[in-house]
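Below you'll find the structure I mean.
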Amino acid sequence: MADKLTDIKEELALANRILAHEGVLDAFGHVSVRHPGDPGRYLLSRSRSPALIEPADILEYTLDSEPVRPPTAHLYAERVIHGCIYQARSDVTAVCHHHAPSVMPFVIAGKPIVPVFHLGAAIGEEPPFWDQQDEFGDTNLLVVKPEEGRSLARALAHHSVVLMNRHGATVVGNGLKELVSRSIFMCQNAEYQLRALTLGLVAPLPSGEIELAGAISRLANVVGRTWEYWSARVPGNKPTAAARAKRAKPAQPAKRRKARRR
Amino acid sequence: MADKLTDIKEELALANRILAHEGVLDAFGHVSVRHPGDPGRYLLSRSRSPALIEPADILEYTLDSEPVRPPTAHLYAERVIHGCIYQARSDVTAVCHHHAPSVMPFVIAGKPIVPVFHLGAAIGEEPPFWDQQDEFGDTNLLVVKPEEGRSLARALAHHSVVLMNRHGATVVGNGLKELVSRSIFMCQNAEYQLRALTLGLVAPLPSGEIELAGAISRLANVVGRTWEYWSARVPGNKPTAAARAKRAKPAQPAKRRKARRR
Amino acid sequence: MADKLTDIKEELALANRILAHEGVLDAFGHVSVRHPGDPGRYLLSRSRSPALIEPADILEYTLDSEPVRPPTAHLYAERVIHGCIYQARSDVTAVCHHHAPSVMPFVIAGKPIVPVFHLGAAIGEEPPFWDQQDEFGDTNLLVVKPEEGRSLARALAHHSVVLMNRHGATVVGNGLKELVSRSIFMCQNAEYQLRALTLGLVAPLPSGEIELAGAISRLANVVGRTWEYWSARVPGNKPTAAARAKRAKPAQPAKRRKARRR
Amino acid sequence: MADKLTDIKEELALANRILAHEGVLDAFGHVSVRHPGDPGRYLLSRSRSPALIEPADILEYTLDSEPVRPPTAHLYAERVIHGCIYQARSDVTAVCHHHAPSVMPFVIAGKPIVPVFHLGAAIGEEPPFWDQQDEFGDTNLLVVKPEEGRSLARALAHHSVVLMNRHGATVVGNGLKELVSRSIFMCQNAEYQLRALTLGLVAPLPSGEIELAGAISRLANVVGRTWEYWSARVPGNKPTAAARAKRAKPAQPAKRRKARRR
């Protein structure tokens, strides 16, 4: 477990840096994973901008968002977003909260983001909105109280993304790499959807395409290629010796590959 | 005082470089702070593009924008912006004048920038406009004369930002870090507001949210995280040994942190 | 042939990196060339993001998109795009499939990209659309089956570009450098066309201008200048000693150049 | 003269690199200066992308755009733009031809660029258009023939900028630094003008402001600050020892500077 925990902390720190470099996160935003050995715990960095996060910054929390060990640093004020979602969704093992620039116009105008290209199908049919004003009146829009986190988790329901009016968005995934892909593709989708509006009406993908294309980011071929690319783009990223050896010999043995039928 | 002056000059030079790197300043624009020991003086670089400013460039001025020591370099022609605002506003200890790309469309079209997301609330309800043409007729739009600076300060009044038609904007703050945050969040807000217009009508945050969210940038947690991030992004920024030691042991001692109630 | 194959693999790897750096390709997309010695074969990397591709990644395929040697790595699922086009178009010796951001709004809105400036004439009069839904109903929009690749090639017909609804585009060329130019100019053209719509109606170039300007990217002067520039921009690109020697003595001898008549 | 020629070639090479880095030039475009010792000659690089130009690339031409010494490299096909303008305008000592992205939407839609902020006044009241189609019918839109260059120069007339439909723009200046400033400010102006249109009607600066603000880029204070900044931004730019020494002791001696009256 110790090795597994070390690995997941390294991967989570890298995920933070990837999402910062790809423009999903900036000074703000955060990414967590459910503890690999205990579903009643999750891992999240101390309060630090994602681009700077190192494995040693990763802390362990209960699902009530209490730190397991006494903290020696500031904590993210909005960590209840993560804890409440892990409580509500047993299928979710990774969560990202962000204010990505391409998504902000939609949560400001209160207009839906819909999948408009194949990779954007990762967000599902139509992410729901959540407006903190509805249940809590005037606030500073930070999700800090447990009841606010629970309200957000209710709005998320079974979806992959919840849009937070005048604030940002929260993305969930089964697996950290799926979460990272979904977050990046969501931002690309939002960007293209907005720009396409200059050209005319924009329709979402048909439901059948959404269902099928939504699985693209889980194809083994795709996961390997994207993770390698996004990792390599992170400034100063030095892969572990183990990772480099693994990359030199990709997983698939010498099997003859025909152009695959679906 | 000498040490304090050295520190504030280093911080002001860094603030210039941060705002340049974050796209608020470019070849033009400038940042000043009120002298920490004498409210009748302020500190501002000699005429140099912000990205290149070093502590040795920082000069001391009277509130009449006269250099305290004989200058050996060009001075900013628009330094009266700073002096006149320090004269008019005893609560202001930092001032930034900029032509940030995301703000320019608004000061060109003469349309208001309003807070549209939580961090944008840092600009206040609705920054006023100031048009140099109104009092001074045709000019080259540079604020050079003391009477022009005083006119601008009158338009700023009690606000945090004043928009300058066909020119740019001036931002004030109580503290340099608050000023830097406000300037950066203002630019993000303007960018999102403009892009959201493609999607439909855009409403500002409700007044209650503006009041509460406007204080986010002053939360200790947030100040530390953002300053560390923006500083780290400045190319070639080498933190002082003191700052590095301070970062290694974040300020908060080992206190148990419950998810905080507001 | 061995030397020629080594050279073409180096050039193809570089073309991948150029197109990644110029924003045409990202985590996804791919570039191939027809085998210089055997028109029944083509060269395409194993499944890897273009920015990372090295000559050793380049594999050889039959036009049925079967790898010639047993693969030891994942292959691009959409390689049939390349094989089917090489089968249908004997004049084509290079193919690029991409999801370039500037093109995506058009394939999402289903609006044509037309040449709007001289370099954009490289795409021809008006690239056709291909919608996978028409022949194949709901799919994940990846072109994986041979029949899907053949359908795409039919839509491409004699054109230089085919737009793929809700997916991206495929570009062809006679020569790798022509393909790279065409891909980059296509993206610039799409970007300018979209932005010009804010200003009013946008008309394509007259047909006579399209025909003449379409040949610009093949002018010897232009090919040399652009390839040198795009190559130099690729991070970490170290030209071969042969290439450096060739650049030091450009091809044209000491001939007196008058301002040329057309 | 030899030293002066060496200096001007270094400055011209740097100007090319500055304009490339600031996004005015890319693979295409070029900058020239009139020969400092002979108004019947001008200096222009051999055909090479501006970002890569070194002093050794700079060649000397007659105003008929004939190279003075036998060339050993490709020449810019469109050099007649420079020669014809130097012939027509004795006040012009620097010329830049570009396809800058922010300007392209205007020359594609055929809509005027007007000064909308103080620095944009550098372009003058309203640059004229020139459409190669009018006199020459269908061409590839490259300005290659002397008669085409002369036609362009007639359209430029006494203006500072001429917009070239479906192609790009040409900018002139009295002095290389003025030309570089004008080119960069023109691009910023175009960008802001386009974006401001999303907000509503956009009016140009009043004529009196255009006249006064148009001189900003010539203020000694401004020239020094901008040139230092743009030079420093060029990757790998190593200032000569002479330039570094000059920068350490800025030109103005110890004179008391009062806030200046206009």
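The chains carry the letters A, B, C and D, assigned in the order they are written, with residues numbered from 1 in each.
Following the convention adopted for this analysis, a residue touches a chain if its C-beta (ideal position, glycine included) is under 8 Å from a C-beta of that chain, and two chains touch if they have at least 3 such contacts.
Note that the structure is predicted; figures quoted are calculated from it, not measured.
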item	value
Joint neighbours of subunit D and subunit C, given as chain labels	none
Longest centre-to-centre distance from subunit A, chain (CA-based)	D
Self-contact between copies subunit A and subunit B, residue sets same or different by half	different
Separation of mean Cα positions, subunit D and subunit A [Å, integer]	46
Averaged-CA centre spacing for the pair subunit C and subunit A, given as whole angstrom	32
Residue numbers of subunit D (touch at least two other chains)	197-198
Contact graph of the chains (line, ring, star, complete, other)	ring
Chains that touch, pairwise	A-B, A-C, B-D, C-D
Subunit A residues touching subunit B - in the complex, by the definition given at the top	26-28, 46-49, 51-52, 64-67, 70-77, 79-80, 83, 99, 101, 104-109, 111, 133, 137-142, 144-146, 149, 166-168, 194, 197-198
Parts of subunit A lying in touch with subunit C, wherever the complex brings them together	116-119, 121, 188, 191-193, 195-202, 205-209, 211-213, 215-216, 219-221, 224-226, 228-230, 232-233, 249-262
